[in-house]
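Encoded as structure tokens, the structure appears first; notes follow it.
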């Protein structure tokens, strides 16, 4: 009954309704087109191994885009996610090394890594939501702090992660690469998270924080929880990156911050908050990866590669925003 | 009851109100930091050193002027592309003048035109396509970084004209270099523009309530495009001055100004929400940031420590400024 | 024992004392009306109770026990629910989610089933009057203004709070919706719940209220039983000693005007929300737009002004054709438009009064420089003509009450006189004295030769002030009322005719 | 939305136009560069491309495919994966991390691809490093500085990006050297992120607070900035500082007779690595296996040094080059062949 009423009220056809229901569809379409083009120019890039490589490489950015999405839900932004990735990366690598690299040490280090990410997220949340500093500049400041901390923990890149860890990440079980299990697990976690009270509350805060406050929602606490969730997913991103790079690097995540913001926008979420999906952000991260490899596979001269990538991402960003808005209009 | 309410009413004393002005806060902090710097590293607050800090602050202050205007114009105005514009401008200026004083004027004109053009594109994306400024200028930054590689490839890089270098580094009038006078002139011009011209009033109008400004006949789109263009022009001027400062151009010279210019604006008491603030504070904010960085350079500690102190100090300083509105009055 | 007692509640914003001594006693099972002119402090009193404003002094007793309300969440725990005048909805969420937002069923996870059941209960209450497109799954942003107001009402009802505050809940609703809502309120009353009801509409107050408390200048001046009082008495209490500020005190409409000199003419004008609207406004005439709220009156005015897109038809201004494209060109052609939604369309928040009063002057005089002395000389007379109360021209506009803010917005149009003044419900949410000032000025402007179009959602205002009234219904003009036809009966009849 | 799909397609079409024409190649070599923030990197790629073309005379067709863009470590790992998909014979990489590529290089090796890193060492046992020893590079500058100062004085160091491996190795190099001179005191070390203007600002701050500086150890482009501050402070006669190898700076050096010395990290390293790679692909064996360095997989190239003695000659060699051109050297094919059996 409900859908019927809406469709009579707003003409526009099934596609529009579909996009309203699944806002990440346009992003998915772009990603599929890019994937097809990649395959057209380099068939091996969409082979099983090629796709595995793609997922392995960009799982970290996907995680980070998810992290960013939860703060963007509430209309906030976190420019420190990359620094959190670096910090967690060096913390777990140093701990694994100190504890001897056994299976237990890996698990313990991952636990500490999650707590580190959580702590960073809570610090951001307190700074932005409780102390009411402006998110862009405040999280930039905390990013400098976290980077300093990472440099303190590991002054120079290089400590290797124990083989037990990265061989698991890069390995296969029953002929299926580990990352696919991770991806499936992630999908379940995200499905569950989308049903939490917190997800709805974050979106409500992002819609109109004052209104949410007046409705009796504990806005400050919700925003801090959003940042905490962001910190947790940034820690997961650090795990992925540690799995893929098998080493510690205090600067590894720095450049990922702005890519994570771009991925969120590419996925059709509104930076102003209140509207978005994590699935879109994941696809957004994939789009970035696919654009980068496509630019290579079509044989762009090296000096033009950055420009073409920049233009393609700018156009995709614009498309993400415009389509997202059309879907909501 | 009434009487008590009125007497204990929260009307703060005039002294406190004065002390809470962003400009006053910044000036007090500047003096405090200079004293701290002198204590930690004798010679830090010498006249010569302050002069040199002023030159560096002027470089930041000029780009922050454009950033300031874009932020004042509201609608989440922000310009992340200034770093790219600065780099591009430094390269164009170096190539056009290539060590010849006679080519300074064409070089300046070329750079300003390039800056204005990039601002125009940013502005059109933001107004006509309604892309959020953060997304638009972030995408533009990626494009400019690519463009830099293309532009630098295959063209001879040039020197600053001696006249330009003298302008930036050598005393010109009353012992101060030309760039300081330029900065002062920009400061006066900005103050005049923001308080005494219709254009200035319209900036505040669109920043504070775009819809009302539109209904009152303010050409909102043209205004906003012009602000982005001005931001491009100011960034271009910084690029030229930076060329004069370092003598020759080099890639990525502008990168560090992206977030620094935003922090200078925030330290100057202009909140990122727009419609409030001014440029005088931003000038003080730029100086404050430069002094802070200077102190950290002169203190002999590990880089990790420097970054942690820098990040924490930025956060601490932000607490002195207008924080977000409390949900509860 | 009274359900709720508020005693001596005070609140200052900076140097402005919003509430001096707010007293309110509400019994269980009554609808208690709170009334006062704008800026009298009644909204502040409600916000203190709802926890969104922290009081500076005073005490609150619920069921005889003193309580401290630390925030909206605490208010809810003390059994207080509120409908917010400015709405507190999450635009991208569904109707069901919004209704349950203050108290989502479930623990860490949302219990969708419970949420839907609970929402359905409140949606059912308004099922017959909610209109097309209203459903549990509809996204709030896509709803009409009246439907959104219904969601806010449902949200307030869903709190099931023993004390529920309704701060102007009916402003966007149509008659049928209001009637349904009042039925529900009567039901709640019968269940022993306490309702605090704020409205500017005297008819509603007397239709639903049991007792009325009047607030003036931040102080409670009295509480009466509705049955023992009458509108005139309530108004007297509201305005205090200032008799001349009584409602609708403008002169009776002038007689026939010179119809030949039409300054504004619309022919078959169409656009979003209206179709085939034709009318003429003569120099010196006040043309009224009437009818139920949202029948195209506002859309026509905005389209003429260029703020909304027009789809067809012609507009003639002062004898020559005019194609509305944006407010800027409209202003240049001598049009003026005052919106009732001043916080959206009018005031430039946080900026000085002088900057709020001058943008039209800048445009019409093609000024580039803003010289304060020269501007002040222009602005002051315009503000004085409206009896505007302000501290200084450099004070921020937010330091003024709503009525005075609206006067500044109107004054900006009077420095350089327009030929045609379009008034789009200009008195929405402003107090009676400001209304009186405004209407006497409008009549004066008309007498000086201006053509004026007045849309008002308050029928009395139209009947008292317009020379002719066009009654809108379903986006087009149903009837023209002139001379002795301008009666409330005729107005209602045309407005309620099936469109 | 259609409009944007169309736009996206147009971009792709534009890309396609630039697609290279494939030709029968004996070897396909992938070059990966993860940072385009300096001219040095551009020159590195160009020299490598030229070196590949030079093989034609020898009757060997070497096709290079390049990925050069600002990427983070995962982005550069993607480079390598793209090369594997592309089916190259060898990968030459200027890596963004010393250790991060171990797993992906293992995959490349599995696919039968030769991996060579240049400019920065990598820990992977599946790769060979062909380039200079960054630690020796740092030490060479420090040795010159210490000797120029007569073994005593106050020295400051302006370093690149903290935590960056190349930077840290260079830092280790100068620390070791200065450690051998008890009368040389390192009064401060700062990081200016390989940014010329930041180098200049850092030097300015250091000069103001340490008026008694005798020597400055500074790397790469930051040296030009540091020297600018020294000259602005009119201290060029009393301070000795390391320099850099761009033509701009060399000209200034000659003109102002600066007391400077510069270790050369030639942008030709990638070309050298390419020549080594081709020979390896041809199945030749190194006379001395590459087992140097901390990861036991390095083959170090000589580090030229510029000081007062040879700077005029260097300036002459660079005559006519653009200002950003770096003094360079590379293993010629013949030089490389000499290293093999």
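Read from first to last, the chains carry the letters A, B, C and D; within each, the first residue is number 1.
As a convention for this text, a residue touches a chain if its C-beta (ideal position, glycine included) is under 8 Å from a C-beta of that chain, and two chains touch if they have at least 3 such contacts.
This structure is a prediction, so every number in the text was calculated from the model and none was measured.
Asker: When you check each chain against subunit B and subunit D, which touch both of them?
Answerer: A
Asker: Is the C-beta contact count larger for A-B or for B-C?
Answerer: Output for the comparison: A-B.
Asker: Among the chains, which is located farthest from subunit A on the basis of C-alpha centroids?
Answerer: Ranked by distance of C-alpha centres from subunit A, the top chain is C.
Asker: From the mean C-alpha coordinate of subunit A to that of subunit D, what's the distance rounded to whole Å?
Answerer: 33
Asker: Using CA atom averages as chain centres, what separation in Å is found between subunit B and subunit C?
Answerer: Those two chain centres are 42 Å apart.
Asker: Centre to centre, by mean C-alpha position, how many angstrom separate subunit C and subunit D?
Answerer: 69
Asker: Which residues belonging to subunit B are in contact with no fewer than two other chains?
Answerer: 145-146, 149, 153, 303-304, 306-307, 327-328
Asker: Counting only residues that touch at least two other chains, what does the list for subunit A look like?
Answerer: Those would be 150-151, 155, 210, 213, 303-306, 308-309, 311, 318, 322.
Asker: Where in subunit D do residues touch at least two different other chains?
Answerer: 36, 42, 68-70, 162-163
Asker: Can you identify all of the chain pairs that touch?
Answerer: Every pair of chains meeting the touch criterion: A-B, A-C, A-D, B-C, B-D.
Asker: For the complex, give me every residue of subunit B touching subunit A.
Answerer: Against subunit A, subunit B makes touches at 76, 78, 125, 129-132, 134-136, 138-140, 142-147, 149-150, 153, 259, 262-263, 266, 271-272, 302-312, 314-315, 318-319, 323-328.
Asker: Which part of subunit D faces subunit B closely enough to touch in the complex?
Answerer: Subunit D residues touching subunit B: 36-39, 42, 68-70, 162-163, 187-191, 193, 195-198, 200-202, 204-206, 208-211, 221, 224-225, 228, 232, 248, 252, 322-324.
Asker: State the interface residues of subunit C toward subunit B in the complex, per the touch definition above.
Answerer: So the residues of subunit C in touch with subunit B come to 8, 10-15, 17, 20-21, 47, 51-54, 56-58, 71, 305, 307, 326-328, 330-332, 337, 339, 343-351, 355, 358-360, 362-363, 367-372, 412.
Asker: Can you tell me which positions in subunit A touch subunit D when the two form their complex?
Answerer: Interface residues on the subunit A side: 26, 29-30, 33, 37, 41-42, 44-45, 47, 49-50, 53-54, 57-58, 60-61, 150-151, 154-160, 166, 170, 241, 244-256, 259, 289, 292-306, 308-309, 311-312, 315-316, 318-319, 322-323, 326.
Asker: Looking at the complex, which residues from subunit D come into contact with subunit A?
Answerer: 1, 4-5, 7-9, 11-12, 14-16, 18-20, 31, 33, 36, 42, 45, 65-75, 77-79, 81-82, 84-87, 97-104, 107, 123, 161-165, 168
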